[in-house]
Every structure is written in structure tokens, then in C-alpha cells.
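Shared between the two complexes below is chain A, which has chain B as its partner in the first and chain C in the second.
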Partner chain A sequence: MSGSGGMRGSRRAGVPAAAVAITVLACLAVWALGADYALAQAAFVTTWAIAGLGVIVVVGQCGQVSLGQGALLGLGAYAQALLALRGVPAPLSLPVAVALGAAGGWLASLPARRLGGLYFAMSTLAFALIVEEALVRWESVTHGAAGFAVPPLALGGWVADTSLAQALVGGVALALAWLACRRWVASRLGRAWRAVREDEVAAAAAGIDVARAKTLAFVLGGGLSGLAGALYAHWIGFVSPEQFGLMLSFELLMLAFIGGAQHLAGALWGALVVVALPQGVSLAVERLPPGLAGAAGIETALFGAVLVIIVLLRPGGLAGSR
Partner chain B sequence: MKLIRRILAPLALAVAGVAGAQVPGVGEREIVVGSIQDLSGPIALLGVPVRDGMQMRFDDANAAGGVHGRKLRLVVEDAGYDPKKGVLAARKLIQRDKVFAFLADLGTPVVMATMPLIVDAGRPHLFPFSPHESTYAPRHPLKFQMFAPYQDYMDAATRHMVQTHGYRKSCLLYQDDDYGLEVMKGVEAGLAKLKQPLAEKTSYKRGATDFSSQIARLRGAGCDFVVLATVVRETVAAVAEARRTGWNVDMLVTASGYSAQTHELGGKAVEGLYGVTVLPHPYEAGANGQLADWIRRYRERFGAAPNVWSVMGYGVADLFVKAAEKAGRDLTVERFTAALESLHTPRDFFGSPEYRFSRDDHLGNRYGRIAQIKDGRWVILTDYLK
Partner chain C sequence: MSALSLIQVLASGVATGCVYGLVALSFVLIYKATGAVSFMQGELLMLGAFTVLALHEAAGLPLAAAVVLGVAAMAAFGALLERTLLRRTLGPAHLTALLLTFGLGMVMRGAVGAVPAASHAMHRLPLPFAGDSVQLGGAVLAAEHLAVIVATAALAAVLTLFFRRTRAGLALRACSENAEVAALMGVSVPRMHTLAWALGAGLAAVAGVLLAPVTFVHPNMGLVALKAFPAAVLGGMTSLPGALAGGVFLGVVEALAGLALPEGVKDVVPYVLMMAVLLLFPGGFAAGLRGRP
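Take a look at the complex of A and B:
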């Protein structure tokens, strides 16, 4: 199977390449922008990479299109934020956030038993809308559309309120998530996912429980999204339903495809592109002549152009094979 | 070791001394001001004219010699309404560009995510475009606001309309998000003071284009006055639907629907619509001399006609310039905020309200006024309603 070969390849070449790229970029960022700003970037890149791993498990490994991943992040973020407000320590609240994300993933995967392809994708879209609506409507718990402020992450007596601490927590969480994903994709379950991705009928004929494989992909992917959402809530310090709308789901899908949806390293590459590239573009724009630099939307246009170039040159994503 | 210490100690002292004397963003020849805008996201239509308005005020100040000999430089970051980008933009402006203050940051999620970072870094957080109360209350030495929450304007506006027109059944059509709910609180508070209930209310989802069921419901309830917590496009659609079905009820839209686009898009259908406004739209026809000159210069500079958002951008930057002038040549954050706390600006050629800050009140203005669309343009009907 080509997928598993790609996986092994990515483990050998993709991860070190991504690590080198990140180190070089980090040094550049520190040099150009100062440590604090670069570390804040690193916190978001690692957090988004965790969310990206969630998408890669569902989309890249199991081959299911999920348009509702942003909502799973929202579940994790709200669980963490609400528990933090009530003074629940992070070692207790983080597992709850992960569990809620996983439960959301399980719920979102239920229609997969009956629906396939685009129809199932639409059902995940509907799931995302329902979650967003619930966050707005269930005002007594979620504070409604107005949102609320989230205290910094506290682990015991240690408070992660500097960008160094946030980048550290993000890095450790990403490393743990990464190790878990490596185990999953190398296991029997990972092989089942890739079989389902390549051909559901053939996979079923080979004795694979297709429904179980899909459900597990969504549960594990949802858990990763919940974790990313929980960290994100602390880094931003403010949650509101509109942050977890469809735009976020699409951003995460884009992250996975730009990075390379079939490779774990794709999550890191994708996160770098989605989070750090706009910042790089913004720095580059400052060098343009004032008339051009001031044009509204120029950064988005440049960012879009870079994305198109990436997709044209590396259709399989940055971590994919050439 | 001793040698190293001997070299390092004075060095550290020197660094500390320089850091103590140097106010971030205030150089010998310039003052750097930062702003986090939406130039590419869902409210870029607001972000671009706000930025241009601010830039124009700073250019005007610089052309007149700057503030106590220092030129003003505006550094704008585009966060596209994404709080993640907003946080990174705030850190960049604080550390790399070393801005003295943040001016008119745009969009509630961005403002709420970045405000703690900004005030923790000791930078003034001035006049954000977010109607959230936490931008000025509880009082914080570095937080200042000139736009009141919708609730305040709508309370007074609803009372004024009901009292002068004698409506019996006031109703509400609202967008079902924080904006709509904020307006609802204001309308209900205003009606409660007149001992009237809100007779009927109905909501819509952001971006809706069909209002037939909502209008039918309000009409069925026998409303004689409808408050619209809508934005431009929805305002036009809702009013047009009512008129199409032959229902000529009086309607009042919030400041979000007070825009030249409302009558440009709505045409005849929106004639007679009431609106709440804080600043008047800068119409070219009938403008006073100063305003006509301002409109001409704006058009030449940016290649587009100014709108009410351009005026707001110019206004926030104007307050900054006035406070910086008042603070004197030795500009520090403390002197600047002290100057702002005693600032009282008169009405100007735009027809802006007076802005008045004090030590205990960092919200510059709480009042709006009523306008109405007559012959295809907004006409101001009342003074600022207290």
C-alpha cells in the first residue's frame, strides 16, 4: 500500500526536515522580531500543529472529509475555559477538554454509518453549525455570543502567562500528541484507516470493520482538536462562538492539505504556513513602497499567491513526495 | 570574575538608565502609534476608511510641524478579524515597532484578545472600535473609549421616539449575536422607563437576505414602531420587505445601519427610515467650507469618497493629537493619560459630539442623535439625546 510507504518515508525525512526548517525560521524570527514575538508565534504554531494532527488523522489517514473540525476545537476551548474560570486545575480540566473533543468527534462520525463522501462531509458541516449555534444559545453556561475572558493556564503553582511558557507547553503537548499519532498510524488501526481511505469496499472485504475505523479516527482526531482548542483558549485569553465557525474549519483543512494530509509532518508544515507565513508576508509588505504597502488586502493577496505556488509546486503538500 | 563584574555592572546600569529615560515609541523626532485593523476580513469595509481617516489626521498634524516638533507615524497591522493574528500583531507592535500607544483597534474578538497584552505592556489602549464595556469600565489607567455600547444610545433613542410619536406597541427585529442582544437590552431599558413592554421581538441570522417571515410576524403583532438591530444590507432588505407588503410602519435603525450605503442601496424603499447616529455622514452637497475642503483633500489622497468611518478614524486620531499636544514636550504615558483625563473637546466642523474625559470616567461620549432619510440622504433631526 502506497500510504504506509509514504508514512514511513515521512518519518525518516519529513520530521527532521520540518524540524530543521522550524529551527531556521525560529532563529530568523528571533533575529528579526525579538524573542517574545517569535515565541508567541511558536506557541500558536505548535497548537495549530496539534489541531492539524487531528485533521490529518481524519482526512489524511482515514480519507474522510471533515468540515467540522473547528467546532471540535471550540468544544475543547469552551470546556477548558469554563473549567479554568471555576478554578479547576489544568491537569484535571485538560483531560476533560480532550474527552469533550473526542465525544464531539464521535457524535460527528455517527452519520458516517449511513452516509459517504460528500454527503457525509455535509453532515459534518451541519454538526459544526449546530455546535456554534449551541455555544451562542446556551447562554447560562457559555455566556452566549458576547464571549468571556479566560485566565492564563495554571499548572500547580506555575502560571503560563509569558510567551516562553506558552511555547514550552505547546511544544510538550505537540510532542506527546505526535508520539501518540505515530503509534496509531503504525498500528493495526492505522493500516485499517489507510485501507478505508484507499477503498472502503476492498477494506470491508478484507475483514476491516470500516465503521469502527472511521469512528475511531473521529474520536482520536476530535481529542487532538479538543487539546488544541484548550491551549488556544489560554493563548488568546478570550473565547466567543464566532472564533470557532466554519472559517476555522476551512483554515484547518487548508493547513492539512498545504502541509501534506497523508503525513504527520504535514501538520507542522501546514501550521507554519497558516500561522507564520502571514506574519512573514506582513514583514515583507513593510518593505514595499508606501503606496503599495498601504493597499487594503495586499497581505491576503500575497498570502493567497504563495499558497497557489505551494499547491502548484507540491500538489501532495509540503511534506508529501515531490 | 571581578573584572567581568566591573565591566558588566556599569553596563547594566547604563542600560537600565537608558531604558528608564526612554519612553517606547517616543523618539527625538517622532511618535510611533500602532493600530490593529481589519483590512482583509469580514469588516474590511470599516477598517480601510478608519485607517485612511487616522492617516489623514496624522498627515495634517505633521504638515503643521508635528506635535511639539515630533512627527506622528502610524503603524497599521492587518489582523483580518482573527484574534490569533491580532495577538501576534499586538506583540509585534509592542516589541518590534515599540509603539507608544494603540489607537482604534478594530473588532471585538481582536480587541478582547489583545487588550490585556497591551495594557500589561504599559501602553495606552485608546478608543477601540468595539462596543464592549470592558474597554473603559471598570476604570483602568490605560483604557480610554469614545464609543459607548449600543445599549446606551438605544435606550435614549427609543425613549425619544416613543415619547415624541406616542407609539403604543414597540417591537424589535435583531441580529442574533452580541450586537443584537446589546441593542435589545437598550430598547427594553428605554421602554421600561416609560412603563411599556417590548410588544414583539424576532431575530435573524447574520447574512440573512429574506425577511418575509419576520416582517409578517411583526405586522401580525400590530407593531406601530419597529427598532432594527440590523447592519446595512439587512436594514435595506427588512425595510423593503415591509414596504413591499404595504406596511408603512415607522422604523428606527441603530448606528450600524446609519450609512450612506443604506439609502444608496435602498433607494425609494428606505425613504422615511429613522436612524441613530453619533457622527454625521460627510455629504459633499451642502457641506460647510471646512468640510468641503476636507472631503476634497480626502478624495485626492485616497481616491475614494469619505464616509462616516473615515470621519471616525479622523476623530480618534484628532483626540490623540490633542492629548499629545496637551501632554507637552516631555511625553510619557503618565503625562499623556493625565492630559487625556482632563481633555474636553468642542464640536467640530464634522458635527461630532463633545468629548469629555475625567479621572473617573474614561468614556468620552455617551450620546447619539436621531436622523431620518429624506430625499435620498440622512438628515439630522435632533441634538444629542441625554
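Take a look at the complex of A and C:
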């Protein structure tokens, strides 16, 4: 691999630059929006970034397409929310949410693990639609389509009910997830993922168990999605099945694509954009003449147009080199 | 449960399945010819139905002319999208195609939703047979179901002739089998890509017109296309007749599930079936029957 030396060099240079950029952005956000609002948004950005890491493991590292990440977030969110309602402390319920996300990732990828390619998109899509319908129909447990309110995150006696506490928890969780991802990506498994992404036949010829590498990507990516969903449920304070539909899965794909799916840092950049974009679109729509009918439609169309423009201008993602 | 009412349920299942099958056909056609995964077939279907509706109600064309003109306009729209946006970006990368077509679908859905006349009222295409019923040996069948089945059969026959007998159809098939060899044989591959998108958009529009009398015409009617993915998988993902057959099969299974199983299970059946098929017969049902992996 002749490119690896250069890559490592650019990554070293990239980390301080990214840190400076994020600090500047954070200061700007606090100055423009007020500390409380900025911290609440920071909690969301860190949580989206964790979910983005899950997508990057599956899509960026292993090169497979998943249309079911939104449903995996949903599994984590519902597990955490239902356990929190019953008074289970977060240190016990978070592992359950992560495990449920990982199990969901395994199940969603199971039918396609030897087929790959488009079949992963199909099987994960089917899984996501089944989960969404189950959340709506299993009313005795999930409260159906109406959803329910989620109590704030409780760690022992400490309750994370302020924006500062939520941003802190999100930051710590993101840091842990980041460290785990860095280890995976640098490990034998990570090399297997990239080999599968570049050329499955060659990877198999080199002795890599291709199906196992793909399954592990979906399991680990699912676990990260479960964690992100669990935190998201607390920050937003309310869960309902429609939050975790197909739209969320596409938003997560968009996140990884915008940030540059092949680098872990892409998760953070993508998360910033995905949190900021809907609010920017809403602001833009509010500027339209009042009384204009169909504002919701215009919002959808604008969001889609931004997605189209990004894909057209930077097919490799915003952070990608090409 | 009498045999007659079973026939009625089956007829409605086959009719719904025909719509699934047509959308799956348009998806597989584009996928085979260009390698691109289109996630906007449902939106093309919705746009087709609205185009016909607008031509008929707002522009005052007779219904038959509106249908022909609307489907032709959608085919032209598909070709235009391919020439302007899709050609430059779509390659074998599924992620790019998925995101781009999903984004385009959102633009279409949002644009139609932003028109007050389109989103604030339910619309029906006033097809001449809508609401009628036909007596067939004791069974009372809805005329729109029969019309959907007949129209789909006719369309399938025309498509078969197109793919078997015409130069363009053969070239399109050659291009789907092996683009490089087709190019060496003098087939213009880029033009075939344009043709595939035009046909795909046109087929989706036809499906929209056929769906219009069964459900209402509304901005979210494209959701029906989600059922086209299981239909395509059941048909083996790369087979045009398979996609249509998969759609009909799915429609019938769904109708029977609605009859026999508790509320809500019906909506999940196609996806459970799809996962089971991927697990057991990864090449689709047809390949599974032939015993090929």
C-alpha cells in the first residue's frame, strides 16, 4: 500500500486543524445562539456522530449499503426509554440498548451476508419496515403510533436534565465510541473490512472470511446505532415509531456521505451538517412570504434539493479528497 | 368463507399485485440496463398520476388523451433526468444512486405537496369504469380490478414484443447483459441508458394511472413502491417477467394474509417474505425452483 504513508501524514495534520475548526465553530455557535441552545445542539451533534460512526463502519469501512440504521436507532431508543420508565438505571439499560442494536444489525444483515451489494440494502430495508410496523402494532408495550414521553437520563443519583449534562454525556459516549472505532479500524478486522470494500474476490482469495467480516460490520455498526438511539431518546424526551423510519436511515446515509464515509472524522462533520441543515431549511422557509400554502412541501423539496446538489457536486462527500 | 368471496379477494389481490409488479418492472429495467438503484420510482408513479390528473382536469383534455400524453410526458421527463443529472453521477456505486434518487424523489414529493390544489384534497381519476362491478358466474368483481389486470396483461404483451422483436428492445437487452460487448456490436450504450430511464419513468406513470382508481391520487401514494422491492427480489432482481410475477404473487399473498391473519400483519408479510426468500432462494423463486443457487 503506497498511499498509507501519505494518508497517515495528512491525518496528523488534519487533527489539529479539525480541532481548531471545531473550537471556532463552537465559540461562534455559543456567541450566536446562546449557551443553553448551543449545548443542547452539541448533545444532538455528538449523538448523531455516534450513529454516524455506525454507518461509517458499515458503509465506509466495509463498503456495504444499509437502509435500516434508522430502525436500529429505534430499537436502542425504545429499549432505553422503556427500561428508564420502569426505573432501571442507565448503566444497566444502556448495555441492553447496545445489545439490541447489535442483534438487530445481525438479523437485518443475515439474509444477505453471502450475497452482498444491493441485497444488503434490500434486507435491511425489509428489516426496518418490519420494526417500524411492530413498534406501531405492539401497543401494549410500545404505546403504538402515539409514542410516549421519556424521563431524563439517570446515572445512579445524578440526573442529566440540563443541556450541559446532556452535552457532557454525549461527548463522553462519543469519545468512547470513537476510541472503540479507532481500535477496530486499525485491527485485523478493519483491514479485512477495507479489503472486502475494495475487492471481495481478492479478499476471499487472501484468506479473509468475507461473510464474517460483513456480519461483524453490521453487528458493531448496529451496537453503535443502539447507543446513539438510547441517548437520542433521552435528549428529545419523546419516542414514536415515525421518528425511526426510512427518512432517518437516509439522513444517516447522507450524514456519512457528506462527512466522507471512509474516515471516522466524517461522522462529526456529517453530524454537524445534518443537525444544522433542517434548521437552516426551516429558517429559509420562514423567510418566504407568510400565508404561502404548502410550506411543508417546500421544506421537503428544499431538503431533497440540497441532497441532490451535494451528490452532484461532490460524489465523494464534502470531506472526501475528490 | 365461500368460494365466490375467495375469488373476489383473489381478484383484488391480483390487481394490487399488478401495480406492485409494474413498479418492480420499472425498477428492474433501470437496474439491469444502467446498474443504478432507483429509489424514486414511487415518486415517478405519483407524479405520473398527477400529470394525467392535471392534463384532464386543469387542461380539459379528454381522459384517453390525458393518459397517453401524461405517460409520454413522464417518459420524456425520465429521459431528461438521465441526460442532465443521472448520467454524470451514476456509476456502479449503489450509495450515490440511492442518495441521488432519494433526493430527487423528495424534490418531486415536496414540489407536488407545495401545490395547494394537489395536497389539500383527495383526487380520483374519473375513469369510465370506476365504481362499476362485473358479474362473472356469480362472483361480483370490481371493474377497476379487472381493468388493472387487463391493462397489465396488455402492457406485458406489448413489452414482450418490444424486447423480442424490435431493434431498440434487443439492443436494450444486449446492453443489460453485457454493455461492453453490446457497444462492440454497435449499440450506443448511453442512448440505451436514456431509453431505460424513459421506459422506467413511463412504466411507473402507467402504474400510477392504474393505481389511481383503486386508491386516491395524493402526494404520498408513491409509498406503494416500497412493496416493489420485495416483488423484485422475489423475481430474482434481474428478471423482468420475474418482477411482474413476483408482484402478482405478493399481491395475492397480501390479500390472503389480510383475510386470515390479524390486523397489521398484512403490511409486514411482503418484507418477511423478502427476507425469507433472500435466506432460502437467493436467486429468486424461479432460480430456487430450478435448483440453481
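To be clear about the criterion, the second predicted complex is superposed on the first by the 263 of 322 C-alpha atoms of A that agree within 3 Å, B and C clash if a C-alpha of one lies under 4 Å from a C-alpha of the other, contacts with A are read in each partner's own complex, and residues count from 1 in each chain.
FYI, a residue touches a chain if its C-beta (ideal position, glycine included) is under 8 Å from a C-beta of that chain, and two chains touch if they have at least 3 such contacts.
None of the values given here were measured: they were computed from a predicted structure.
For A:Leu118 in the superposed arrangement: first (chain B), second (chain C), both or neither?
Touch partner of A:Leu118: chain C, not chain B.
Is A:Tyr78 touching anything from chain B or chain C once the two structures are fitted on A? First, second, both or neither.
So A:Tyr78 meets neither chain B nor chain C here.
Examine A:Gly144 and indicate which partner it touches, taking first as chain B and second as chain C; both and neither are also allowed.
Once the two structures are laid over each other on A, A:Gly144 reaches chain B alone.
Could you figure out whether chain B or chain C reaches more residues of chain A?
C
Figure out whether A:Ser282 sits in contact with chain B (first) or chain C (second), or with both, or with neither.
So A:Ser282 only meets chain B here.
In the superposed arrangement, which partner chain does A:Trp178 touch: chain B (first), chain C (second), both, or neither?
Neither chain B nor chain C is touched by A:Trp178.
Under the stated touch criterion, which partner chain does A:Trp269 make contact with: chain B (first), chain C (second), both, or neither?
neither
Report for A:Ala126: first if it touches chain B alone, second if chain C alone, otherwise both or neither.
Second partner only.
With both complexes superposed on chain A, which partner does A:Phe218 reach: first (chain B), second (chain C), both or neither?
Touch partners of A:Phe218: none, neither chain B nor chain C.
Would you check which partner chain A:Leu33 touches, where first means chain B only, second means chain C only, and both and neither mean what they say?
first
Which chain A residues lie in the overlap of the chain B contact set and the chain C contact set?
Looking at chain A, the two contact sets intersect at 136, 294, 296-297, 299-300.
Note which residues of chain C are touching chain A in the complex, please.
Within the complex, chain C contacts chain A at residues 31, 37, 85, 88-89, 93-96, 98-100, 102-116, 119-120, 219, 226, 229-230, 233, 237, 263-264, 267-268, 271-272, 274-276, 278-279, 282.
Can you list the residues on chain A that touch chain C in the complex?
Touch residues, chain A against chain C: 59, 65, 67, 110-112, 114-115, 117-119, 121-123, 125-127, 129-130, 133-134, 136-137, 246, 250, 253-254, 257, 261, 293-308, 311-312, 315.
Going by the contact rule at the top, pick out the chain A residues touching chain B in the complex.
On the chain A side, the touching residues are 32-34, 36-37, 40-41, 44, 136, 144-147, 149, 163, 232, 235-238, 240, 242-243, 275, 278-279, 282, 294, 296-297, 299-300.
Under the definition above, what is the set of chain B residues touching chain A in their complex?
39-40, 44, 47-48, 51, 55, 77-78, 80, 83-85, 87-89, 91-92, 95-96, 108-109, 112-113, 116, 132, 134, 176-178, 181
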